[in-house]
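Shared chain: chain A. Partners: chain B in the first complex, chain C in the second.
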Partner chain A sequence: MKTSLAMSLFLVGFSAFAVMNLTACTRSADKGKASEVGGEGKGVATKPGAGIKIGLVLDKGGRDDKSFNTAAFRGATKAAQELGIELKEVESPDDAAFEPALRTFAEREYPLVFAIGFAQIDAVKKVAPQFPKTHFAIVDGIVDMPNVKSLMFAEHEGSYLVGYLAGLMTKSNKVGFIGGMDIALIRRFQTGYEAGVKAANSKAEAIINYVGVNSSAWANPSRGKELALAQYGRGVDVIFHAAGASGIGLFDAAAEKKAFAIGCDSNQNGIKPGRVATSMLKRVDTAVFEAIKMQIEGKFQGGVQYFGLKDKGIDYAIDDNNAKLIEPYKAKLEEVREKIIKGDIKVPDYYEMNKK
Partner chain B sequence: MGIDFRARVGALVPPILALFIGLSASLIIAAVVGESPLKVLEILLSGALGSATKIGYSLFYATPLLLTGLSVAWAFRAGLFNIGAEGQMTLGGVAMAIVGISFPDLPWIVALPLALFAAFATGGTWGAIAGWIKAKRGCHEVLTTILLNFIAYGLASFLILSVFKNPESQVPETAMVGAGYQIPALSGSLGNLIGGTSPLNLSLGFSLLMVAVYGFIFKRTRLGFYQKIAGGAPEVGRFAGVRIDQQTILAMFISGGIAGLAAVSPVLGFAYKTREGFTGNVGFVGIAVALLGRNSPSGIVFAALLFGVLTKGALDLDLDTKYVSRDLATVIQAFIVLAVASQAGLSSLWASLWPSSVSRIGRTAK
Partner chain C sequence: MIWDMVGDILMSALRLSVPILFAAFGGLLSERSGIANIALEANLLFSAFVGAAVTALTGDVWVGAFAGIAASVVVGFLFGSVCIWGRGDQIVIGTAFNLLAFGLIPVFTKALFNVTGSTPALSTEQTFHQPLVFFALAIMVMFSLEILFRFTRHGLRVTAAGENPAALLTQGVNHNLVRLRAVTEGAVLTGLGGVYLSLCQGSGYIREMSAGRGFIALAALIFGGWRPLPTFAACFFFAIADAIQMQLQGQKIAEVTVPNQFIQILPYVATLFVLIFYATRMRAPAAINRDF
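What follows is the complex of A and B.
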């Protein structure tokens, strides 16, 4: 009797699970349409990338995380529209799925396959040597092989710049930083930001919080909001986040407290217009687009490619939403940007600091 | 002999019917959203079985399912419903990593048994907690095993990130285990004949061996007999002097231990370290494996292989179809489980088609 009760409980649960997956299925219907973009361009012979297949293996956050993966997908979609390549993208449910996804693309003779995110380092290291004729490009991780291009970003430079802005803007001499998962990559944002704040305003103090220590820290907006409210409560008036989807909570808190926020990775100025001072841009989209272009032109090479302020791979966003807000500081920021590019300002790099 | 044979065939009918119903229902859904069912079926099959490497991947995905299915089946036999295989497996993997990091220099002949023992003991202890609460306090194991999953995730997270973390990686994972713990992939051996270039490894053999041991225990040993009594006729057992509460704790210990062993392929046979979330719901799919396999050794092997094939085949759906994704595999699994669970209805349906088999199906279904 008891077992049958348990059984029916389980059935109810499993049916709910099935229904969830049904909706997931229909959701992927529009996914298909998005991927079709390239196919339509195929007929136009003038497009240089016509018929070239590009594979994209996204990180666990998926295509719709509104920051990192979305940026990669945006770059690839742009290539599909403008260059006419055929794009196929795959999302990975878990770490074991990266390798077969990369391998499947390589087996089908896709000339270029993207691995988005440092979680795929191991998978690329395994698959790339088995397919020496296939080109791979990995974002945020270095894999030293002749057919692998590693796309790395100078997150610390951009963080310094927005830190400088925060230092100029603060009236309470207190600024905040909210990181997602506590890892070296995000520490790199943090140290750059802190250095920028200090350079602009030696009296300013930075309060640092992290959402968590595991991957769920990227997707916890309510915790992000809670941390932001706590920081504003302590007198902070500008907060920069590097917390993926958890950062969305920061903007809510900024609107509630009539304080300022700084966005990250993608242009987030429009989320709460007037409350977002600027967004630090990490142009994964540009990097992906450029790599595809190089592939089409036959210029693709392995090795590490760095993106920074110099080539606008790292930037800060100015649009209608923040133009007025940022106007008084713009000249100063441009000056700092030039100095970083020329090397007059040396931004501390967490990666370098921790090299043994 | 003839009757035995017909009974066996009869026993095969419900799961095969369930498979058929599950597959058809899912393909109808695929058709409704605009995908050709035949094409979907072809992609599923060629994606899973189209080459040695693809078969290797299917078997690689089936390997942990064999053990989680076995874990759930053992508990079922003893009248218990273990929904905690996911958490038990997580802790089993963490135990393997801890042993492999703490004693990295052991030769494989010592290292592997030690790691397996640690995983079994850890997963088993986790299961036994639920068994103990059930036996002594009467709290239903469905509740406690589910709740213990969450504690297991938290504990694993703490150990992976704060104590045994890989300092060179930004992924939430432990450091590498010693060389003696690493079960190499079969690829490369015999000219890639078996498993192609997939990470298929000898833990498949180990898992199949465990299934055989399970079959032997329940057929031939006193342990299996007592466990069955505890599950099937506890009043009779109590009357005959069997301590049912002890059997319950023991059943949950063994069930949890087997789930702990399920970490062997993903941890010691693939990543050589334990990542957060490495289980990927294998513990829950194990419930479906046990249900479809009806707790019999051959049934579990069949169901685990089937679900391995579905998992691998469905990966290609992302690439080759427009309107369905690999989530379809979960839909198929769900329909199969629903069909199995409504087997009473299926049996009568079958009986109306073939009346002479009715009594046999009824008997073997028990």
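What follows is the complex of A and C.
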């Protein structure tokens, strides 16, 4: 009896805490931005998006996962700087926080609210019908409603390309893949990657690992590192990750073992310069920026928008950190890219494979 | 081939066990004195964060490590004080401390580095690279704790404070001070685990990077019957189950690739089985979560 009372008190307290946290977040953001706009003076008025409020609900990896969420935030920040929109972002401590966060934005009459990540599909499905005048945009998930735009990426195409690179680079004929959770989205990375590896080097074998079974799998770098060390120990010399912040452990392992890693979503080449062969770029930033632009221009429409190699929504990163490393393979990679765009190479798509 | 794999699994288990070991020993000291400590997660997070943040700011990993342990001590001291003199339910207070860690650390990172929840990545010179030294230290801690509880006055007083604080009081010893000292000493150990997470196993602090290790440590400590040696064994058991899981993922067993999901549940299944067989032998300190 005593414990159940304590438990319910705890639950009530916790939910109160979560809600307070959320509102406090948006409030303080309100103030901060308000003073900023005031400080900048009238110069902002010329920007097309001045005064338009955009809400951004990030996935659990948070604004600084240096990967997926960072990309989304970067796109929105760019819109704030170039188009003059008012950006407010919220990070969700857990799955239960998505829905109230989206609703809070909608209730405050934000014209466009972003839901970043597949985990928010259910929350968007619930909230979007209640606010038909509010526009929503979700990344990595399809929600079929007139006021929701679904931003989908051809992860398999980019994964194929970096898989091809791994296949060319490996000397041991063993390459690795580390996913966050074993879910359809990450399987899409994996199957594309495996196909790319095989195409480049038929003798090469890919070892596949997953970090965990719950959402902490995206923020557990020590496990990421341990898995990478295990793979390197088995003779693997290049590893690609799709594991959010857990992937940072991979770069530590690569530096320790003097082996190679391939980054994901954002450009991660600079995390351990010289050890990161390239990063598969998922231009969530471009997608977010473009959606905001459409909103400002009044062209925002519901429906699914696809991004792939063709429109550079999917790409791979070349910068000072890996230019030398990737030089011998660059011509070949460009050739493969062209073939995928033209349709000469059919990259297996896990989503399609699963429909049958 | 097979021996290579066994070696890899053992090394991996050593590295994985370190943070759980330190957290479990920290929790053990606290719980034996009668303070139920579910705030281990908070201790781990604060020490991991402060360790990484101070290292990033000063550039010296040793300064960072000591700052991280000091942070854990402060958290432990506060937790102990609130439990003892606030007289609330220790589970509720522990939960509050965990929530505080989840919420407060992003505020600090925002103020210090203008990012929410992580510290800048540290270079290879700014981290430790000797997980085995940490593991050896954990073994030494285990023996020290055995000696402490068996042969020293302080150890006996800690046990008495956890079992029968009234008896301790009749001896003229303030059980509250004994408890506070035990919790704070435990925090030093847990702090070592946190520092290991961000400065040896990782290179910088990532949001909520303890990923439930505080609770795994708590389970290991209960499973070890609140005694140092069995707790050590329990931690190592968890670590080895995890290491095997990691090595087996994607490995072909007799030409068949076992689905990852099956491999990934191994540690949990193993834990369940062991708990079923050993559950009856566990006995918590009698005065845990109680004054008298």
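As a convention for this text, the second predicted complex is superposed on the first by the 312 of 356 C-alpha atoms of A that agree within 3 Å, B and C clash if a C-alpha of one lies under 4 Å from a C-alpha of the other, contacts with A are read in each partner's own complex, and residues count from 1 in each chain.
Here, contacts are C-beta pairs under 8 Å (C-beta built on N, C-alpha and C of every residue); 3 or more make two chains touch, one makes a residue touch a chain.
Here the structure is a predicted model, which is why all the values come from computation and not from measurement.
In the superposition on chain A, A:V213 makes contact with both chain B and chain C. In the superposed model, A:P100 makes contact with chain B only, not with chain C. When the two structures are aligned on the shared chain, A:I340 is found in touch with neither chain B nor chain C.
Looking at the shared chain after the overlay, A:L185 reaches chain B, while chain C stays out of its contact range.
By the touch criterion stated above, A:L87 is placed in contact with neither chain B nor chain C. Once chain A of one complex is fitted onto chain A of the other, the partner contacts of A:A119 are limited to chain B, with no touch recorded for chain C. In the superposition on chain A, contact of A:Q130 is made with chain B only, not with chain C. Of the two partner chains, neither chain B nor chain C is touched by A:V276. Across the two superposed structures, the residue set of chain A contacted by chain B and also by chain C is 6, 9-10, 14, 17, 21, 91, 93, 213.
In the complex of the two chains, the chain C residues touching chain A come out as 4, 8, 12, 15-16, 19, 89, 91-92, 95, 99, 102-103, 106, 115-118, 121, 124, 129, 197, 201-204, 206-209, 211-212, 243, 246-247, 249-250, 260-261, 264-265.
Touching chain A in their complex are the following residues of chain B: 29, 33-34, 53, 57, 76, 79, 81, 83, 140, 142, 157, 161-162, 169-172, 197, 199, 266, 270-271, 275-278, 280, 287-288, 312, 315-316, 318-319, 321-328, 330-331, 334-335, 337-338, 341.
Across the complex, chain A meets chain B through its residues 2-3, 6-7, 9-11, 14-15, 17-18, 21-22, 24-26, 28-29, 31-33, 35-36, 88, 90-91, 93-97, 99-101, 103-104, 108, 118-119, 121-122, 130, 181, 183-185, 213-215.
Against chain C, the residues of chain A that register as touching in their complex are 6, 9-10, 14, 17, 21, 61-66, 91, 93, 182, 207-210, 212-213, 216, 219-223, 225-227, 229-230, 233-234, 245, 248-249, 252, 255-256, 271.
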